[in-house]
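Each of the two complexes below includes chain A, the first together with chain B, the second together with chain C.
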Partner chain A sequence: MIKLTLKDQPTVPLEAEMLTPDQFSGLNLDAIRALPVFLGKRQLRVDDFFTVDGEPSDELEIHGDLAKVKYIGRAMTRGRIKVCGNVGMHLGAAMKGGSIEVTGNASDWIGGEMTGGLIHVHGNAGGQVGAAYRGSLSGMNNGTILIGGTAGLEVGMRMKRGIIAVKGQVRDFCGLQMKGGTILLMNGAEIRTGAWMIRGTIISLKPIKLLPTFPFACTYSPTFLRLIAKHVAPLGLSLPMDEQTGTYHRYSGDSSVPGKGEILVWQPRV
Partner chain B sequence: MGGKVSCTLGEVKNRADFILYWGGNPAECHPRHFTKYTIMQKGKFLPEGRKGRTMVLVDIRETMSVKAADIFLQVRPGKDFEVVTALRALVKGNRVDTALVEETGLKLEQLQDLVDRMKRCKFGVIFFGMGLSMTRGKHMNSAAVLTLAAEMNAFTKFVAMPMRGHGNVAGADMVLRWTTGYPFGVNLCRGFPRFNPGEFSTVDLLVRGDIDAAFVLGADPGATMPQPGIDTLARVPTIVLDPKVTHTSKLARVHITTSVTGISSPGTAYRMDEVPLPLRPVLKSPYPSDEEVVRRIIAAVDKKSAWLPKPATMASGVM
Partner chain C sequence: MLRITGGKVYDPANGINGEVRDICIADGKVVANVEGGRTIDANGMIVFPGGVDIHTHVAGAALNFARALTPENQRVAAKFLHTKETRMGIGGQTPTTFATGYLYAGMGYTTVVEAAVPVLSAKHTHEELRDTPIVDKACCLLMGNNELVMDLLEVGEYEKAKHIVAWLISAAKTYGIKAVNPGGVAAWKFGKDAKQIHSPIDGYNKVNPGMIIANLAKICDELGLPHPMHLHCNNLGVPGNVSTTLETMKLLEGNRAHMAHLQFHAYGGDDWHTMRSESVQLAEYFNTHPNLTCDAGAVLFGNAVTITADGPWQHLLYQLTGRKWGNLDVENETGCGIVPYTYKGSNLVNAVQWAVGLELLLLINDPWRIFLTTDHPNGACFWRYPEIIHLLMHADIRRERVRALPEAALSRIYLADLDREYTLYEIAIITSAGPARALGMKQKGHLGVGADADIAIYNQNPDGELMFRYPRYVLKGGEVAVEEGEIRSVKDGHEFVCQPSYDAGIEDYLKPVFQQQYTMSFENYPVDAERVHGMQIAECSYQKTT
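After this line comes the complex of A and B, so read on.
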């Protein structure tokens, strides 16, 4: 395992897209220390900011308050990154495989346009989780993102495939312009959930405020939820499914697009 | 997604028979707008002037502009996005939830009537103000109105235009657009332009404290930014170029007094419809123009050797 420790928080954001198992593969510690990172416009070395020790491997552990360190795990395809502390923007952007675990909070744009792999944030996340970059047609195209705490604006914006699960509350515009995939909201959302969604599923276990363009469709217990429940069970999530305890209300929309998306809201039986 | 549907104010004057103001108070904030460009003028294809035009105002409260409007629609605060999204559905003849529409403060019949009028007109224009773009939802509210206007072109000619604020804000957007390809929130650190509002836009950089110097030109962030942003401006070396001493000047390390563009120095200003207008100075000023100061700063910076932080000082956090 390679262990990196942040010496001191940089004053301006540090862009460190080299901090991935792919870039580290086949390098000894001295070569890793010499990899470039960008502080503003200036190219510096990894060891200007981090102490590097351990032995070369596909596993990477980063310690310190990395709230200003961006692009960790960018485009990684394999291996494991564990961040002990907070982490900055664009964590795991465009990642294809492997897994990232964050013990603290994450910032905006985590898993932006990812196509595979797993990101697990134990704390809160910022906005645009698994989203498409500005001007881009689609966001995450597979993979799983699990947020233990709350999340910000535009979670899953234009996502196409994959699963985002948030244990805490999310803010406005969850699933904005969604094109597919699944968002699980274990604790509900603020307003405008599913705005302009074309396809895909948003499942909320708490009542949420809906847009007028989501007319009520039906009450049912969809079979496919069992598959999703089975898929997310290893992540420690459970979906209520027992018809004795409640059902799901299905709202279809967004009729302004017009979309074939759906929002399922769990309704416990009283 | 996609382009913006726009036109010049001259076209609005000569053609627009349907004018919708959303979240703005032009009677008080753009006092010459009605009389010069929109509702009061007789146009080439609108010989009747005011009688030939329909004016709709959407706002959260009754303002001075209501008197000028044919129809006033009062929405509940923070419900603009819901109303525009419902309008987009109605334009396509799709189902909306009546009860949820009524939560916005408007009835479904009112929205249907508005959609019918929009479809019937020959040339429609939506002007949207800060009541839309600066309330909850922000850029998505603007995006909703711009998309609605774009989609209305399936039925009739329709455009949308933001009511820009004071100063040459449209000009700053235009110059950044033709130089970098993006209108604002551009980062050039890596040698090529990157655009990401929320990450690189001024207010977010200031609030997060992601900068170590600030150069303020023709703006007063010290008066308009949230408090954490103002604290950042006070913490880092801030340079202000302004004809007057502003709130930001009081936080800044350096204030350079410049002449007033358009009054004592020449230049080009962009009108809200992005038409460039040359400005001729009428007075002489003892102060240099903004352009001259910036040129001299660039020349002085060019003479300096490239600077790299020393790793030892980096580690102690002194930069």
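After this line comes the complex of A and C, so read on.
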């Protein structure tokens, strides 16, 4: 395992897209220390900000308050990153594989346009989780993002495939312009959930406020939910399935686009 | 002083077809002989006059709008880093100004025509062209929906309209004029289009598209402009539009005209499901009417950004694609629409469009009258021209590509039946000698004594795409601008403008009308000559031969 420890928090955000198993592969510690990072427009070295020790490996552990360190794990394809602390914007942007775990909170745009792999944030996340960058036609195109705490605005904006699960509350515009994939809201969301969604599924285990363009369709318990439940079980999530205890209400929309997406809201039997 | 020796020279304007001969250069021009100086050994290479792009969109308000509207393209575009010779920039679908110059020169092109400039944003366009290095430039002024001109045609004041057009060309410092969907963009301001070329335009009782087209063509000829009216016909992109295109061409008999991006105007069928190629019918007419030139406006599969003054068409395209849409109104002059677009080989309509561009290039038998363009960035980016050249040179590769199209496309196109293969001599015509002649630029597009020493030298290679994508040397004005794929020296190019004569009294008419109708004051409207970098005035000496 390679261990990096942040010496001092940078004054302005540090762009550290070299901090991935792919970039470290085949490098000894001295070569890793010499990799470039950008502080504003200045190009500096990894060891200007981090102490680096351990053994060359596909596993990477980063310690410290990295709230101002951006692009960790960018475009990674394999291996494992564990961030012990908070982490900054664009974590795992465009990642293709491997996994990232964050013990603290994460900032905005984590997993933006990712195509595979797993991001697990134990704390809260910012906005635009798994989203499309501005102008792009689609956001995350596969992979899994799990947030232990709350999440911000535009979670899953334009996502096309994959799963985003949030244990805490989610803010406005969750699933904005969503094109496919699944968002699991274990604790509901604020307003305008699924606005302009074209396809895809948003599942909420708590009652949520729906847009008027999501008419009620039916109650049901689709088979694919069992598959999703099986997929997220190893992440410590469980979806209620027992028809004795309740059903899912299906709302279809967003009919203002018009779209063929769905919002499933768990309705416990009373 | 410089001598290029040992290369096979293709100089169609002077009838030279692959002969090994020396080209001598002094003071930026081709000369008969030089003593001393650098010698470029071009053994195993071919020597072409620098490319001339007769129709492209590389500068101005519309292009800037497109750049702003498509950050997703910029993120993945080629990066140009700052070096001793070059400024930074990005390539992609809508390259930045400096990158545009490097990309054109890097492909062996040394002259480009920005095809659509409104008077109102001419200043902006000239500023961007100033920052587009190496290549020489010229602009066409948008005139097909100018309300000052249309109002005069409405009341039968042809002469006055002619003086106004001349005044506007001089004021905007442009080279020629372009008419885009004549009348249709003016009608778009009422939410309409102009689909019938003989029906009056919304807001007018008499003026119709045909009247605008015929009068502007005549005005260009009478003003003696070196380049004829540059025309984007009505009903661009629409199934069945070949009838409009043919009707338009008939109106132009007796005058010169350049038909822009003809591919977009050569479709049959009644709707998107029945759309088909009408290249054969169009080429037949075109071949027998030497008053016309055209450019291909070919399409290649992949991402593009459509940018045109044709506002109503862009609105339709937006509705068809559901992608984002930008619309600009340019007061009394024109409009503009932007829609990002992806041409897909699996899409029947796109497959037909792809075939039609190549078919026209193969079926129009005089290479001096059809030129290589993609209506950049509408059909594809200009830096993809070598892909088209490769297809034009190899019928077997075309047939292989046709086989990959959807089955249903095959009965709607002619491409698989066409055996013609372009020679290098013909490629030199459609990329350089032909467009230079159609533009009336006597110093461009050839390598005879007195020509500007704009020269592209390529390693001869059976793979036309590789050969034309990476020139070994590119000379601009006698200086080696590109060598082995690297920018070596960056000099600013010239801008060619025309100053046709007009009755000075026209300003007395124009000023009050202008003060009443425009948001800008009359004094601020014209572009000062000092703002046009490296301005060279071209003669208006065209004379009609009867």
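Going forward, the second predicted complex is superposed on the first by the 270 of 270 C-alpha atoms of A that agree within 3 Å, B and C clash if a C-alpha of one lies under 4 Å from a C-alpha of the other, contacts with A are read in each partner's own complex, and residues count from 1 in each chain.
Criterion: a contact is a pair of C-beta atoms (placed from the backbone, for glycine too) under 8 Å apart; a residue touches a chain by one contact, two chains touch by 3 or more.
Please read all numbers here as calculations on a predicted model, not as lab measurements.
Chemist: Can A:61 be said to touch chain B (first), chain C (second), both, or neither?
Modeler: It touches nothing on chain B or chain C.
Chemist: Can A:12 be said to touch chain B (first), chain C (second), both, or neither?
Modeler: Touch partner of A:12: chain B, not chain C.
Chemist: Would you check which partner chain A:133 touches, where first means chain B only, second means chain C only, and both and neither mean what they say?
Modeler: both
Chemist: Compare chain B and chain C by how many residues of chain A each one touches, and report the one with more.
Modeler: Between chain B and chain C, the winner on chain A residue contacts is B.
Chemist: A:254 contacts which: chain B (first), chain C (second), both, neither?
Modeler: first
Chemist: Quick one: classify A:49 as touching chain B (first), chain C (second), both or neither.
Modeler: Only chain B is touched by A:49; chain C is not.
Chemist: Please indicate which partner A:101 is in contact with in the superposed arrangement: first for chain B, second for chain C, both, or neither.
Modeler: Neither partner.
Chemist: What part of chain A is shared between its chain B contacts and its chain C contacts?
Modeler: Shared contact residues on chain A (touching chain B in one complex, chain C in the other): 133-135, 137.
Chemist: Quick check: in the complex, which residue numbers of chain A touch chain C?
Modeler: Listed in rising order, the residues of chain A that touch chain C are 133-137.
Chemist: Using the touch rule from the top, collect the residues of chain B that touch chain A in their complex.
Modeler: It comes out as residues 1, 81-82, 85-89, 92, 94-97, 100-101, 103-104, 136-137, 140, 188-191, 195-199, 210-212, 308-309, 311, 314-317, 319.
Chemist: Of all residues in chain C, which touch chain A in the complex?
Modeler: 69-73, 75, 323
Chemist: Can you tell me which positions in chain A touch chain B when the two form their complex?
Modeler: The touching residues are 7-13, 15, 38-42, 44-45, 47-49, 68, 89, 108-109, 127-128, 133-135, 137, 172-173, 176-177, 191-192, 195-196, 210-216, 254-258.
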